[in-house]
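Note that the chains take the letters A, B, C, D and E in the order they are written out, and that residue 1 is the start of every chain.
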Amino acid sequence: MTATPVLRTEHLSRRFGGLNAVSDVSLSIPEGETVGVIGPNGAGKSTLINLVTGHLKPSSGRVLIDGRDLTGARPWVITHAGVARTFQIVKPFRGMTVRENVAIGILYGPHGVRRMSHAREQATRVLEETNLADLAERAPGELSVADARRLEFAKALALRPRLLLLDEVMAGLRHREIESSLELIRTLKTRGITIVVVEHVMRAILAVSDRVVVLHHGKVLTEGRPRDVLSDPQVVEAYLGHRYAQRRTGGS
Amino acid sequence: MMLEVRKLSAGYGRVQVLWDIDLSVGEREIVALVGPNGAGKTTLLRTLSGVIRMRGGTAEFRGRSLGDRSIEQIVDLGIAHVPEGRRLFAGLTVRANLLLGGWRTKNTDLDRVIELFPPLEPRLEQVAGSLSGGEQQMCAIARGLMSQPELMMIDELSLGLAPLIVDEILARLPDIAAAGTSVLLVEQDVDAALSVAERAYVLETGQVTLSGKAGVLLADKRIQESYLGIA
Amino acid sequence: MACSLALAACGSKGEAPSGGSGTGDTLAIGASLSLTGALAREGKLTQEGYQLCQDKVNAQGGVPVGGKKLKLAIEYQDDTSKPDTAAQLVDQFNDKGVKLILASYGSANTEAQAAVIERNGQVMVDSAGADNKIFSKGYKRTFAVLSPATEYASSIVKSIAELAQPKPKSVVFLSADDGFSKTVTEGGMKTAQEQGFTVMSPQYFKSGTSDVSSSLIKVKGQRPDVIIGSVHLVEGIAIVKQAKELGVVPAGGFGETVAPPTPDFAKTLGAQAENVLGSSQWTPSTKGEDKYFGNAQQYTSDIRAKFGHDAEYHDAEASAACLALTLAAESAGSTSPDKVRDALAALDTASFFGKIKFDPTGQNVYKPMSVIQIQKGKAVTVWPKDAAEASFIWPGTAS
Amino acid sequence: MAAAARWKPLVPWVSGVLLLLAALGLQSQLYSGQERTVTAIFMFVALAQAWNLLGGYAGYASFGQVVFFGIGGYFTAVAMTHWHLSFWTCLVLGGVVAALFGALIGMPLLRLRGHYFAIATLGVAEGIREVVTNLPGLTGGGAGITLPTVGDQATTAYLGNDGFYLLFLALAALAVLVSGLVAGSRAGYALRAIHQDEQAAAAMGVNTTRIKVLTFALSGLITGLVGATYAFQQVTIFPERLFDVDITVLMVVMVVIGGSGTVLGPLVGAVILQFLSEYLRQNYTSYHIFLLGAIIIVAVVLLPQGAVNYLRDARRTGEYSLLANVRRYRL
Amino acid sequence: MTSFLQATLYGLLQGGLLGLIAVGFSLVWGVMNIVNLAHGAFVVLGAYVGWQVNDWIGLDPFLGMFVAAAVLFGLGYALQRWLINLVVNGPVFITLLLTFGLDLMIVQAMNIAFSADYRSIPTSYAGDSLHLGGIRVPLGRLLAFGVSVVVTLALVALVNRTRTGLSIMATGMDRAAARLMGIRARHVYALTFGIAAGLAGMAGTMIGTVGTFNPAAASGYTLLSFVIAVLGGLGNMYGALIGGLVIGLVEAWAGQYLPGTWINALAFLVLVVVLIVRPSGLVGRAYYAARLEV
């Protein structure tokens, strides 16, 4: 754990007009760790991901990937540094098949494969891994919500990332589907991939995170082991509400 | 019953999404429509409000058929639809958004909805796009109420909101129903929906698989397993 | 598939090219016209001129060629005011064996056509492409009935030098930036210098614009005695209108090449048009007559009878071009393009349009331009003196 | 079945080559006017294909595409007249200059999207036309410039109708080939991804700036080559024609009518539209443009996705009804 | 100095008229995301209507412009309601293509109906000028400028203060949501297009009064509107007026200090630079800018 962290942000801030969407966020995520990020809507979770992946430029602060300063670098540079992400609102490439969607990452990712035939083969492998193989020739528009989320996942995996940022990949999924997504995340963990999970679904955070960070109004409210964070009165007050607390004490 | 849906089917393009849906909403009633995403809940609301044509079956509102009416005509009947994702007019002020809600009925009285959602009052002159998620949802519901509808259909009230906020907004629904506007609430947060609804329908892969009193459904084992994460 | 498409596209359906123009009793002539696009106005007038010529010639039984009377049959095509289409049309006429061509309107179109005419061995009479540049390329098969562009402004300068009392001292040229107008300006400036005027630096504006205020504001401070516009109708109207708005009043007057002879000029400007000088290829007082059209007066009434408006010089130059071609065919006694070409080169005749005779480059330098002045809302000829209908009013801006 | 499937990818290539061979013999069968008509079709096939590279595949609609046409043409005219280079040298250099210009303006302009990109490119094209008009010493200005094609000034003998027919045919074939290669390549994937969602494409590692700029340059190269050839064919060229907005509009119309983002669409669109407008012009002299407008409107209403896309979708879904087509996009 | 002031004044007056030409174009683009290539044809058609009523009954163009507005409004309403609405949900360039077809038809129809002759609507006063020191203020242009400003203000009032205006704005921002408010989108679209066409008609009559026109002028006005709409920024009702004034001033000043016709190049340079630096236009609003995040 003395090695350089895979992702490190230093005093990262981003303002939109007068609003501090993210302010002074310093995180350090060592290799192999899975970090959950929770927070109410508008807390700055997605903005944080966008700042790290180059889709937004920080107003101040730094982003270091493997110790390399990549503050404000364009998205593809970040991707080539071994970072992959999903989008909160799924962004499939319509007009291309599911296989082609995945192949793009293989063709243009950090391991840039040039031969189309190789790309197709590798895409098939990624699709098998994510249980999408049967749908390889479908158009993304024909997929169910769950499959579309899985495709988002598959596209990120096609990049064979070292750091994976998951932005609400479980929103709108049912119990069984969430389970299979969690299974996938666990598999990735065993491969040593560093993962950041931004999620509303509490169960997911609890199940896979080594550490949980709570964002509130763009700032880090608290961080620590999942169980500790969830029982933190500050967190309950700001975010979870008492219905959740009730259910937790009553239900489990 | 105010709204009577019988054997309704609908879909997009060549894909059929809904099969033989039976559903009803009574006076001053809160009815929840729950189920996983992709089950067709949103499609059902969109069909009822005329965005999508129905393919079969009937839907009647106070005895008048919805099937051959356009979106605008259905609004005239007294049905308000608060769409998924809220769809506020982001560049307009909260006041303008609310006035637009009352556009058809020419209702410009904001007091009632402000009373229901006091956090909106200081925001009236603010651009709707700058509101927080919770305030936006309040604004959307308030906008729906401005047409003084007899039935309000709310799609995914909890989407993207923190549980605390969801609770706060849900707590207003009984008041709304009591004042004469029935509510058909679409939710995937089953726990939240069933906590305010009197009756509920469970929609799965385009069909109603369960329905009944909210309390009964909450105790149902299938519901507990599939939707409440209680093993 | 491509083959059948292409054939259908050309509409000639396998009609074989023949050696000469026309078959049997007709003399086939091809005319490309700008019936749509920027030059549609002039294109329409050109078509009228050709049409009247055909009617007049055929009314007399046709053109006597080698003992037979051939009826004129002019085929019209729209070149949409684009040079490349105009050139393509010449090729298409050639496909149908039509070797005698009447040119499109304007120098750009005519220039594009001239190159093709040369390659195809056709013959073209040019009715409205006045730019001298067309005739500096060594083309042997294009003949222009009209005076060259260099004469347009130059004739106005000459009329002022000869008739204006008091004689103005300085002159400035306002010019559109197309090739024809620039040639006009160069010709005019050269003459002005020769006549001893102080010639200020010319102001250019975009061809076809209706806003020339910048140029006017710039020359206002220089107080020129005469302002001469090398313009088309729209810019010419703009100069007079905006000069009034901006209070640009030269001590002498305005001259504006081709705009004033057009009836729309006086109609549009009303009193503001009064006394503006213009140059014209032709006026109803032009001297000379021929067997088909009679004299210029008769020509005017024929146009009025047939088309319901006063004859413009665009009508006349088109009719004159058609006339030249017809007379050449008659004197050649043949419809062979080579013989018609030689006959055109040797042509020397009087006509309602004035003298028609071509120099070795194919230009009609023997016909003078007329200078007209708007007097009481009508364009009257004031120069050259032998054709003058009214006296020269100077200074033109006094009223 | 299996054998058929194996041969299927070759079908477009074989039919392409056959079409090319047919077109190669055609010029000897045509009169010169017809030949020019077909030559103009080839020219627009190449132009529409070039526009489609960026406009169709990536969704970046350049409304100033004609600027490359003008630059290619004027470079050729200036270089042949003033520097006495041969046409063939000018052709290549004209294309290269147009491509470089594309890369240069692409860098700032390709950050804009949608209509904004369209209007910015339009502004560049109009601006360059004015620059050309205002350099009479070099370009002849508004008076035009005449390429040396006769006498000892001529650096390359005029190609004649057959020559231009073949040259434009070659350019059209080149453009179709390039379009086909791009469509099936790595770059084609990236462009289509950009069309759908540029942010997502960047997240997948696509250097969107580079690929857009390179494609714009490639599209500029082809357009520049066509412009150079056109200038030589016309002999005398004028700024208002070489930078005519109508030429850009025609490219867009052809691509959209044929079906944008496909290899076949621009080809079909260019042939149909050019053929149709030629036919109308010759047969309905005084109101052909009115008819053309009406036909475009009907085509747009009935086939909003373009002919090629319509046929492809209809074959897949079995839904041939044009009314269903209309129902899809009406309000 | 006098010529500078004169040029400035003339540029401003000219710019106001340019703004009036573009305002409808900008409205249609902002509300419906339709780039109307027939806009210039509407302008010229408006000029013909103003000219025709003047020719028939001698109606003053400053009254005739209301006739032109009414006629063009009707035409625009009908076109949108029964034609353009058929493809309004299609890919972006479909509506562009449709209006291109319309442009061809209208221009040629005018060519046939009115011929390609240049026309101008005569008045006894439009050519006169007021004297202001050494500066001339042309009366016709001053009036046309006044019309532009009043019309722009009226449009702003319509959009911001009336129910109709609110429905137009709402439909422009989110049509689906607006329909759920009971707003008749088909009607609102037709209304918007009608208003834009009507304004184009007014602008046309003004042009016909202070200048000349013929059918071929149409495409120039479309191009100009394109430039001005972008310069001013979409969605801002003052945008077109400001864009017009900027173009008018830039051209007037450049005309004084640049040789030849370089001023035309400059206008486009300004356009491109504005787009690159401030894509939402000089006074554009942020939410429209969001459409093209870098």
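By definition in this document, a contact is a pair of C-beta atoms (placed from the backbone, for glycine too) under 8 Å apart; a residue touches a chain by one contact, two chains touch by 3 or more.
Quantities reported herein were computed from a predicted structural model and do not represent experimental measurements.
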{"item": "Contact-graph distance - origin chain B, target chain E", "value": "1"}
{"item": "Given chain D and chain E, the chains that contact each of them", "value": "C"}
{"item": "Distance-maximising chain from chain D - centres being C-alpha averages", "value": "B"}
{"item": "Which of A-D and C-D has more C-beta pairs touching across its chains", "value": "C-D"}
{"item": "Farthest-lying chain, centroid of Cα atoms versus that of chain E", "value": "A"}
{"item": "Interchain centroid distance [CA atoms averaged], chain A/chain C, Å", "value": "75"}
{"item": "Computed distance of Cα centres, chain D from chain B, in Å", "value": "51"}
{"item": "Averaged-CA centre spacing for the pair chain B and chain A, given as whole angstrom", "value": "31"}
{"item": "Sequence positions of chain E contacting 2 or more other chains", "value": "108, 185, 260-261, 264"}
{"item": "Sites on chain C at which at least two other chains make contact", "value": "36, 177"}
{"item": "Every chain pair in contact, whichever chains are involved", "value": "A-B, A-D, B-E, C-D, C-E, D-E"}
{"item": "Residue ranges of chain D in contact with chain E within the complex", "value": "61, 108-109, 111-116, 118-120, 122-124, 126-127, 130-131, 133-134, 245, 249, 252-253, 256-257, 260, 286-287, 289-290, 292-297, 300-301, 304-305, 326, 328-331"}
{"item": "Sites on chain E touched by chain B in the complex", "value": "163, 166-167, 169-170, 173-174, 176-185, 235, 285, 287-288"}
{"item": "Contact footprint of chain C on chain E as seen in their complex", "value": "2-3, 6-7, 10, 14, 108, 111, 115-120, 122, 127-129, 131, 136, 138, 140-141, 210-217, 220, 251-252, 254-256, 260-261, 263-264"}
{"item": "Contacting residues of chain A [partner chain B, same complex]", "value": "19, 40-42, 142, 144-146, 172-177, 200, 203, 238-244, 247, 251"}
{"item": "Chain C to chain E touching residues, read off their complex", "value": "36-38, 40-41, 43-44, 177, 204-206, 208, 210-211, 213-215, 217-218, 220-221, 233-234, 237-238, 241-242, 244-247, 264, 268-270, 272"}
